[in-house]
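Right, I'll just put the structure down here and ask away after.
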Amino acid sequence: MLYYIGAISLILIGMYAVLTKKNLLKIVVGLSIVDSGVNLLFISVGYVKDATAPIFSMPSLTADKMVDPVPQALVLTAIVIGLATTAVALGLVIRLYDHHKTLNINKIRQLKW
Amino acid sequence: MISVPVILSVMFLGGVLAWLANRFVPKGASWTAAIIAAFAGYLVFALPSCGGEYTLALGSITLVWKSTNYSALFAMLVAVLGFLGILYSMDFMAGKKNLGYYYMNFLFALGAMLGIVYSQDLVSLFFFWEVMTWSSFMLVIYSGEEKSHKAGIKYFAYSAIGAYLILSAIVILYAQSNSFLLSENVKMFSGMSLGTQIMVISFLALGFGVKSAMMPLHVWAPEAYKESPSGFTAVFSGALSKMGIFGLGLVVFKFAANTEFFVYVRETLAWLGGLTAMLATFYAVIQSDAKKLLAYSSIGQLGYIIVGLALGTPLGIMAALFLTIMHGAFKAMLFMSAGAVYMRTGTTSLDDVSGLITKMPLTFLTALFGIISVAGIPPLGGFISKWMLYQALLETNHYFLIIVIFIASTAAFLYLYRFIFSLFLGQREKEFEHVKEVPWSMLVPMMLLTLFVLVAGVFPGLVLDPIGKAMGYLGNFKASWEPQVVFSAWGEKINMQVIAGTIGTIFILGALFIGFKNRKATRVVSTKDIHTAGEIPTENENLTYAVNFNQPFERAIAPILKWSVDKLFNLLGENLESTFEYLRYVYTGNGQTYAMYVILMVVILILFSGSIFGIHL
Amino acid sequence: MDSSTWLKILGYIITPITAFVVGVTYGGIVRVITARVQNRFGPPITQNFWDIIKLYSKKTAVHHGLMQHWGPVFAITASVTSLFFIPVLKDSPLWLNNSFNGDIIFLLYMMVFGSLGMALGAGQTGNPNSAIGVARGLALMVGYEVPFVLALVAIMIQFKTTSIAELMAVQDGFSNWLIFQSPFAFIAAILAFLGMMHYAPFDVTFAPAEIASGPASEFGGKYLALMQTSGSIFTFAKLVLFTDIFLGGAGDLVTLIVKTFLLYMIPVLTGIVNPRYRTEQAITFFWKWPTVFGIIAILIVVL
Amino acid sequence: MEFSPVLYIAIPLFAAFLIPLLGKVSKTLVKLTPGIVFLYLSYGSILLFPKAMEKPIVQVVAGFKPPFGISLYYGATAAFLITMVTIVGFVIWLYSYKFIIREPIEKYYMLFMMLITGSTGILLTGDMFNMFVFLEITSIAAYSLTAFLRDKDGAEAAFKYLLIGSFSSTFYLLSVMIIYSYTGTLNFADIAGKIDLIPPMAKGFVLVLVLVGMGIEAEMFPLNGWAPDAYSQAPSPVGAVFGGIVVKAGLYAMIRIVFLFFKTPEVMQFLIFMGILTLLIAEMAAMRQHQIKRMLAFSSIGQMGLVIIALGIGTMGSTSAALFQMFNHALIKSLLFFAAGYLVFHSGSKQIEDLEGLGYDKPVTSFFFAVGALAIIGLPPFSGFWSKLLILVSVAKAGDIAILLLILTGSVIEAIYYLRAVVKLYTRKEVPDNVRRTPISGLVAMGILAAIILYVGLYPGVIEKWLAPAANNLLNAADYIKAGLF
């Protein structure tokens, strides 16, 4: 339960950052935090207390002592994707800073209407 | 074997061919178009007036084309006017740019009109309806001027509203009857619910009303007519706007006739038509541009036609259909003569042009016959239709409507006289000394139509024959006529032979008298040689009375003219459009705001998921 | 050819001549009456005849083009044709002419034919006064047509006919005259008639002092002669039409002349004592009380 | 070798990695590669399409049978949409051939191929998480392509897109997670069978998250703030990619999930409502635009609204009409973006005002724009007419006249602003002699699209006969489950 609360609060913190911070970098950080929150949440779904990795070659392991491996695999992928997104985002931030000489999102509003 | 698809493909492929011809041969487009139009016209007349059925399956939709007596009448109108319009255009448009474009769209419009009348299913009707709309739109914007574009957009916007109303009616019908076939829908219509019936009929009537420029949906017409090239305006007003009448005929007699509220439909339409006729005439009186004047006149005349249709008696329908044909002819004549003036003087402003009668006598003659016909003065074709209309109004006890119609038809003299006076009579200014008569290819269509209104006036039976058949398609209507005599339901008759004979004899006697009575001494003097209280007018003295010609009448009807639907709609449209501007506050350009929308959306959906999705969290 | 055909042909000749004579005489009488009211002696009654004969015999006749040349022809065509389609005397083959081949609606339009021709002729002269006169005349026409048509419609729907002959047939006996059967229609029609005759206060069209006789100003010689002829015939035709419709027609010429003369005096006497309306005033005049009377007439029939 | 659906993903992916390498050798090779890829994929479509129409082809990737392994589901709907993607992709490539002259072109084509990979992946996959992966591949490629021109507006648009797009993927991932935590499976077919295992509350969350997450991709109002910016700032062919491919894939994903898991009347009502909102607001906004590409973008959103309405009606007829409309819109909007691209290029300005007189100076390009405009308004004889007609018929059959009239209101607005733009093109004005010509490849690309649009407009049966199986496949959850699980 604790994991859930922790992960969800991470997500919320991240979203708060994204929505209220004016600095582009902070927004990107916020997005990353959201990402991490989701990933943690996903991991905790598959978590079983005191269990270990599902290695079938270990005969001592029974099914209830295994964590669900699928979320872990998925999260691994998700982390990679999150990383890629963050990289693109940061690249864009650099580009924006080059052009606008500012990181304030309120000032980067050339495109409206 | 002549069948509908052959005619349609001749028109549409011919359009493409004309466009191609323009690329390779100088003058190729006009000749190709004229030949195509003539050939298609021949095919239309050769097509048996009942039959030629053709079915085309397009996926889940089946299109059926067939010639009926009703469609044959309109098809002939389209074919003849189309051919004459193109013939007229040959020299009228000579030397202009984008002739391929012009003739292509012209032929497309003609093909689409033929498609409309031959359609036996609602989908192909709508299909061709839309093709007609855009091809005529293309011709309205032909000149490429800012003004024509404004007119074009307006035309298209109203047409789109009308077309979509028709479309809604069609799909509503389909939802009930599971068929697009006209006959099926007509058969099942009386079984549909009252709400459906009202909706379908009002949508269809409004939709077709837009095309036939029924008030208050007419506002597109004056500018669209004014801006389109005159060769096409003749067809536009003469034939294209009649497609609305074609549709209204179907609505009134095929659909509304089977409902309980038939009488309300008819009364509403009749009054709308009557008011259209009157108000449009008033507006025509105050116009100072020939084509705009004719445009309003056209709106008014279509009002008469709608009245006739809406009366629903044999005589009324006969009047409407007769006027449909006659209006096609005489409005084409008038637009063509206005176009001829435009070609030679470069303007259609009634304030600027004057005194062209000696320079363009045949054009004047066309205009003269045109206005006599529009005015409904015997013995030309306009009269007999007016007579039938009044008789029909009387026999159906429309006491006040007849007054409205009568005011309209009397006030029509004002603008008709203004039209012919300003262009052809009065003092001729120096700048028009060089003006010449238009070439034969423009005169031929005008003269042919002139001949037609004369013949149709004296022998209305010739035109009434196909009309009688067409009425048979609309319902079981019987009206009686002989080649030269028309009878009313009250037993009145009008004998055109006697009338034309009397008028002709006396006129000839009078003309002989005035021609031979001291012929030698009679001489022609210039229009500067006039009675001006002893003063001799100099060359530069402006004696033309043209600006604000109908001012006295304008003053009298000023309280009526104060209200303009056009302005109202414009205001409404502009205000509505400027409210769209508030969306600017939605799309702020700030990414964070957009993100906020996303979060808000989630929050709202979660909070209200109970009421929205029926899932209670 | 049998005798009825001959009779008909004779009718075609006699009717316009009679109309001409009567019309011109009326014109002369009007001049005398006007003069007496204005405390003058005035010309002799035959003066109008001499005027027209003089015009016919004159030689010079300038015109400004074909339309002016034919303008008077249009006018005479219209007046004579109208006359031929109006039953002049009841039940007399000599005077009925073509009246069974047309009806009121036809006449309404036929009457305009001449005005239009005249207007076209006047237009070609290039005289601005003529054009002004025409514009006024046409506007005025829209004015008086409203009460006139209202009155006619009231009558037509009352008797379910548009034929003048049938209307005459229902008016057998003095008390059946339509003037008594539908008085409001008569009032409306007679007020419209004031405008139709172009006497003051509705004489804006010709207003000699203002626009130099308007449309007629450029016509002279044979043209003016033909115009005046046509005008006289037309006056008579209109009077006969009114008599036929409202006063039960006439069985013999004397009755006809009495009735038409009395009828004629209404616009004439109104005209003498009235100043001139402006065009829009005239129009609004017609659209007020006469129209109300016309509507009342229709409502009476309907209700 | 027999063509298998996996190649739809594998070949573009392979090409995406190959292109940078080829770039070292020859630019021409780089340019040609995507064309070859698309030709090969179309060849595959020709082979597989008829089969898929009869019976869905389910391919197991990596040896595990469903529901354990990842499976590809090449059903009628997917086949239809993938064929559409192939056609559109091919013309976009053809158009890009001369249009994208800015270095580094190998990156452009690489990203383009990635985007195709992602989109076909979304359309093909039968696995929920796999869909997330493809979604992200598509998104990241799209972000980068938006900023491809390296100007400041492009970067801004891309950043907005990224910001909103991240939410999209986050929400989707969360929904995947919730579903997995209750059902323990990721295979669509399997989940659909076990959907009742999820308690209502969680189900509600999943629904909301999917609707919002995929709604962002499908440009549902008010989640579409990114779209006008991205469309208008990306290079024109990329605008076509967005309108023709990306959005369609996103919408497919949303609809597939909704139809499989949550096909309740309430949800359908909600879709209709959102569709109308999207349609009307987008059309109104489009009317007030001054930039041609922004106008096209808003119009694109509006068209998606129309499709969402039709899908929300949820009958056989409406769904096939929606698919037809998706197909038409993909082609027509691409045509419009292509033409607009060169018009903007020729006039040197993105403003509609500055297009004056181009119709006479650049007749062919302008002509194609006009054709596109007429087609998207839904005028015959172009293909847009039939899909709109079918949508309206299905709406009327569902008995909701109010919706019918609202759709038509949107259409009227659409007609007006499109014609305003067209008419602007044909306003007579002296245009300074412009030596730049629209290159042949661009014209051919537009010509192909225009020809298809006209052909389908005259013979709607060509497409229509495939619509019924495709719609059936989308609607019929039971069949999907049966086929998906063998």
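Chains here go by letter, A, B, C and D, matching the order in which they are written, and residues are numbered from 1 within each.
Going forward, a residue touches a chain if its C-beta (ideal position, glycine included) is under 8 Å from a C-beta of that chain, and two chains touch if they have at least 3 such contacts.
Bear in mind the structure is a predicted one, so any value in this text is a computation, not a measurement.
Peer 1: Just to be sure I understand the contacts, which chains border both chain C and chain B?
Peer 2: none
Peer 1: By mean C-alpha coordinates, which chain is most distant from chain C?
Peer 2: Centre of mass proxy via C-alpha means gives A as farthest from chain C.
Peer 1: A-D versus B-D: which has more C-beta pairs touching?
Peer 2: More contacting C-beta pairs are found at B-D.
Peer 1: Could you please state the distance in Å, as a whole number, between where the Cα atoms of chain B are centred and where those of chain D are centred?
Peer 2: Centre-to-centre distance between chain B and chain D: 43 Å.
Peer 1: If you average the Cα atoms of chain A and of chain D to get two centres, how far apart are those centres in Å?
Peer 2: The computed centroid separation for chain A versus chain D comes out at 28 Å.
Peer 1: Per the centroid of Cα atoms for each chain, what is the distance between chain A and chain B, given in Å?
Peer 2: 67
Peer 1: Could you give the separation in Å between the centres of chain C and chain D, each centre being the mean of its C-alpha atoms?
Peer 2: A distance of 78 Å separates the two centres.
Peer 1: What are the residue numbers in chain C that touch two or more other chains?
Peer 2: In chain C, nothing touches at least two other chains.
Peer 1: Scan chain A for residues touching two or more other chains and write them down.
Peer 2: Chain A, residues with two or more chain partners: 18, 27, 109-111, 113.
Peer 1: Which chain B residues reach two or more other chains?
Peer 2: 584, 587, 589, 591-592, 595, 599 - these are the residues of chain B that touch more than one other chain.
Peer 1: Let me know each pair of chains that touch one another.
Peer 2: Final set of chain pairs in contact is A-B, A-D, B-C, B-D.
Peer 1: Write out the stretch or stretches of chain D touching chain A in their complex.
Peer 2: Residue positions touching the partner: 129, 132-133, 136, 139-140, 143-144, 147, 150-153, 155-160, 162-163, 166, 169-170, 173-174, 176-177, 180-181, 184, 186, 228-229, 232-233, 288-290, 294.
Peer 1: Give every residue of chain D touching chain B within the complex, in rising order.
Peer 2: 159-160, 163-164, 167, 171, 200-201, 203-205, 207-209, 211-212, 215-216, 222-223, 225-226, 228-229, 262, 264, 266-267, 270, 281, 284-285, 287-288, 360, 374, 377, 379-381, 385-386, 389, 392-393, 395-397, 399, 401, 404-405, 408, 411-412, 415-416, 419-420, 423-424, 426-428, 459-461, 463-465
Peer 1: Touching residues of chain A toward chain B in the complex: what are they?
Peer 2: Touch residues, chain A against chain B: 15, 18-19, 22, 27, 105-106, 109-113.
Peer 1: Under the touch definition given earlier, write down the residues of chain B that touch chain A in their complex.
Peer 2: Interface residues on the chain B side: 584, 587-592, 595-596, 599.
Peer 1: Provide the residue numbers of chain B that touch chain C in the complex, in ascending order.
Peer 2: Chain B reaches chain C through residues 355, 357-358, 361, 368, 372, 375-378, 383, 386-387, 390-391, 394, 397, 399-400, 402-403, 406-407, 410-411, 413-414, 417-418, 420-421, 425-428, 488, 490-495, 498-499, 502-503, 506-507, 510-511, 513-515, 517-518, 521-533, 543-546, 549-553, 555-556.
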